[in-house]
Amino acid sequence: MEIMVVKCLSAGYESMRVINDVSFGVEEGEIFAVVGPNGSGKSTLLKALFGLAKVFSGQVFFNGHDITKLPSFKRIKCGLGYLAQTGNVFENLTVWENLLLAGYEYSGDHFDERLEAVLDFLPEIRSFMSRRVASLSGGERQMVALAMILLKTPTMLMFDEPTAALAPKIAASVFDRVVRLNEESGITVLLVEQNTRKALELAERALLLVSGSVRFYGSAEDLLNHKDLLSMYLGL
Amino acid sequence: MIMDLLLDAIIYGNLLSLLAVGLSLTLLTTKVANFAHGDFAAVGIYVAYTLSIIFNASPYLFLPASFVSGALLGLVIYRVVFDPLRERASLVTLMVVSMALDFILRYSIHICADVLQRSLRVFSRGIIFNDVSVNLLGLSVLGLFFISTVVTTIFLVLLYLFLFKTKVGVATRAVIENPALSEALGISVRRIYALSWMLSVAFACVAGVFLPFRITVNPDTGFSMLLSIFAAVTLGGLESLLGSVIGAYIIAFSETLGVYYLSQLGISTAYRPAISFATLTLVLLVYPRGIAGLWSKR
Amino acid sequence: MDATFFLLDITVLYSVYMILSVSLDLEYGEAGLPNFAKAAFFALGAFSVGALSVRLGAFLLGVGIEGDFKLNSLRYVMAINQSISKDPLLGLTIFSMTLITAISVSSIAGVLASYPALRLREDYLGMLLIAFSETIRVIARNYEPLVGGTFGVGVVDFLAWARAPQREQLFLLISIILASLVWIVYYRLSTSPFGRALRAIRDNELATESLGRDVVKLRMKVMVLGSAMASVAGVIYAYYVGMVNPDDFTTSKTFLVTLMVIIGGRGNPLGAIAGPAVYLAFDRFIQFVKQRIILPFDPNYLSYIILGAILILIVNKRPGGLVPEKPTITLPGEIKRLLRRENYR
């Protein structure tokens, strides 16, 4: 069952089109990678799927519903989560306060339950609960942002270059977490990544985006073995 | 003599801190540099005054009434004036709108003052309240000093508790920092904005009630305090509530002591606004982060 | 009311407000600089006249001013007017010298005021300018040798040699000429590359800078020009009223001019014509109504409230004002032709 279907999507900002006529589908429970050179529109694609970029034409379906015009917070309610590169945590607030706000709409008991579940998945957070987010390292911040989204019980998560600006060891643990998330909770993952090789190794299927258009859509393994495409667009 | 000056400065500081904190709140949330803020104090005065005439009781008793009127006024102003302009108007436009609001409020108060005078046959300009003496540990203390300090302390503490210990308060701080993320998490940013306006105006109204115990008051008195309020907020760093409180006391002391020493030197006390103006200019041009820059890392 | 007097009154006031609107339109409408010290520059023009006309007149007549300036100014004004009624040149000299001084003083102030524009967020800049404006007023109010403090100071009648109604007609003519000159300058600037550069800065400063335009210099030029214009309005106003009083130049004046600019339409020469017209029409209407209806309070209060409400309404419903600014888009030829054809239907 395809949890997300994108049909002929053209999107961008103001009057500038960044992605053109993009179509693909994401199967429920899979890890789907979106790769491509810098500036190809990967981030814009995610933003458009979440409702943060301007859609010029095309449609986005989630669980069968047309969410193309839905505001972001409603998409979250439908079960779609999005981990942006920046602006995904409140720097001046403590970790605990951030989590509190992520669970803003939950009643006391429900919140406690959800929080426990999330902290079980990310136990390291317990050690810096009372610290201001601004004082945390990049990797720790990432964890908090992820925890916040997980509190909302998403069925699908979209990651925008989660390992950018992270040390290799931390980046590795991020990938581990993404895989665990997918395997343990069955959350569908859409992964936009600069680290093409790693992303394609983890994913079942993939999309290669170049200058806003689709150059490859299919099995991740196939793309990994496609020497020409990889060298031409990704310098690998 | 110096004791009187210090007491006066503290009283002025109490007043100014409630006003400055309110101005900061609406500036931080809705980005409105509110030119009508001083007039809210005037509203508080006239509410307390009218009620004290009608019920023949001390205006102090009507502090809660002023607070509530302020909260309602804040709600109405936000909903009617600023909510429709959200995301549409530039910062300067918002400021100009607040100027229009000042006109509307100030002259409405003038009208109320006239009507009051005619219907209840009392003076409605040049108002002054009679203070009471409070017995504290055997010492006779000026009522205004005691009550304003107590009220201000309670309000500031309550504000702190609200912002740091309640979910809505934490949400308010979140909205100040990142409204887009707040919205995405399901926090109703508009409701937080409305709430901050309610608090801001309510605080200002309460502060207003203390004024007539200290000086003669007219419908324009609120507006004439605006420069000092802005100076306090600017000194505090424009982006910090705590900074505004500290800034308010510094301005209060500077003005009170400064004017006294200026008069000793033979310079007219009418130059009082120069203190606030100088502070405002210097801070904006030289060190815009203000006092908050001492602890903020931004 | 005497027809000539009424015409004079409304035309002079309109000229003054129109010049002020033009100056604010140039600074704020075109260049995006919220000059909330408008009343101060207006005041500088008027104060130049107030401080100088009597002293200059006395100086030219070889007479010293004895005693307290504040208390004696009116006496000297009358004496000087007597001399002017016999000697038009004296009057014209006083007028032109005070005008030149006003423009110079204001321009320098404009240069100073343009500096903070760079470093501050727009609303903080507005705050600073208002504080500046109020301070000028407080100083003028308290430093008596300047314009007589709260008393105000008398202004010489430089047209004392003309007799009514020529005197009124002459004054009217001068106001109209000055106002028209100012407007034409604005119109030419607005439609010139200079105007386009200003609007470019207003809409996107970084882009303009990267295109090589010196933003600092342009801003300064605008402020100097705007201040000079405002001071001309101040000069006309001072000579018309015959007195200069610091309390006439409060931030309420700045706000009124801002109101006119917003109602008329920002960044738009036609808006600068419409705005003051609407305000004056409304103001006169209230004066008219005031004499016919009895209210339990001063009707002026109501007029201010209505003006405030009008501004909020306009910002909400029709932010461009009565005559919105036309965007400078260069339309492709095809579309231009099509549009022209539409107009003929």
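By written order: A, B and C. Residues from 1 in each chain.
We adopt the following convention: contacts are C-beta pairs under 8 Å (C-beta built on N, C-alpha and C of every residue); 3 or more make two chains touch, one makes a residue touch a chain.
Please read all numbers here as calculations on a predicted model, not as lab measurements.
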| item | value |
| --- | --- |
| Most central chain, Cα average position | B |
| Furthest chain, CA centroid comparison against subunit C | A |
| Chain pair, most C-beta pairs within the contact cut-off | B-C |
| Centroid spacing, where centroids are CA-atom means, of subunit A and subunit C in whole angstrom | 57 |
| Centre distance in Å when subunit B and subunit C are each reduced to the mean of their C-alpha atoms | 33 |
| Where subunit A and subunit B are represented by their mean Cα positions, the distance between them in whole Å | 45 |
| Parts of subunit C lying in touch with subunit B, wherever the complex brings them together | 28, 34, 116, 119-124, 126-128, 131-132, 134-135, 138-139, 141-142, 252, 255, 258-259, 262, 296-298, 301-302, 304-305, 307-309, 311-312, 315-316, 319 |
| In the complex with subunit B, residue positions of subunit A that touch it | 72-73, 76-77, 87-93, 97, 100-102, 104-105, 134, 148 |
| Residues of subunit B that touch subunit C when the two form their complex | 31, 33, 81, 84-85, 88-97, 99-104, 106-108, 110-111, 114-115, 118, 227, 230-231, 234, 238, 268, 270-271, 273-274, 276-277, 280-281, 284-285, 288 |
| Touch list for subunit B against partner subunit A, complex | 167, 170-171, 173-174, 177-178, 180-187, 297 |
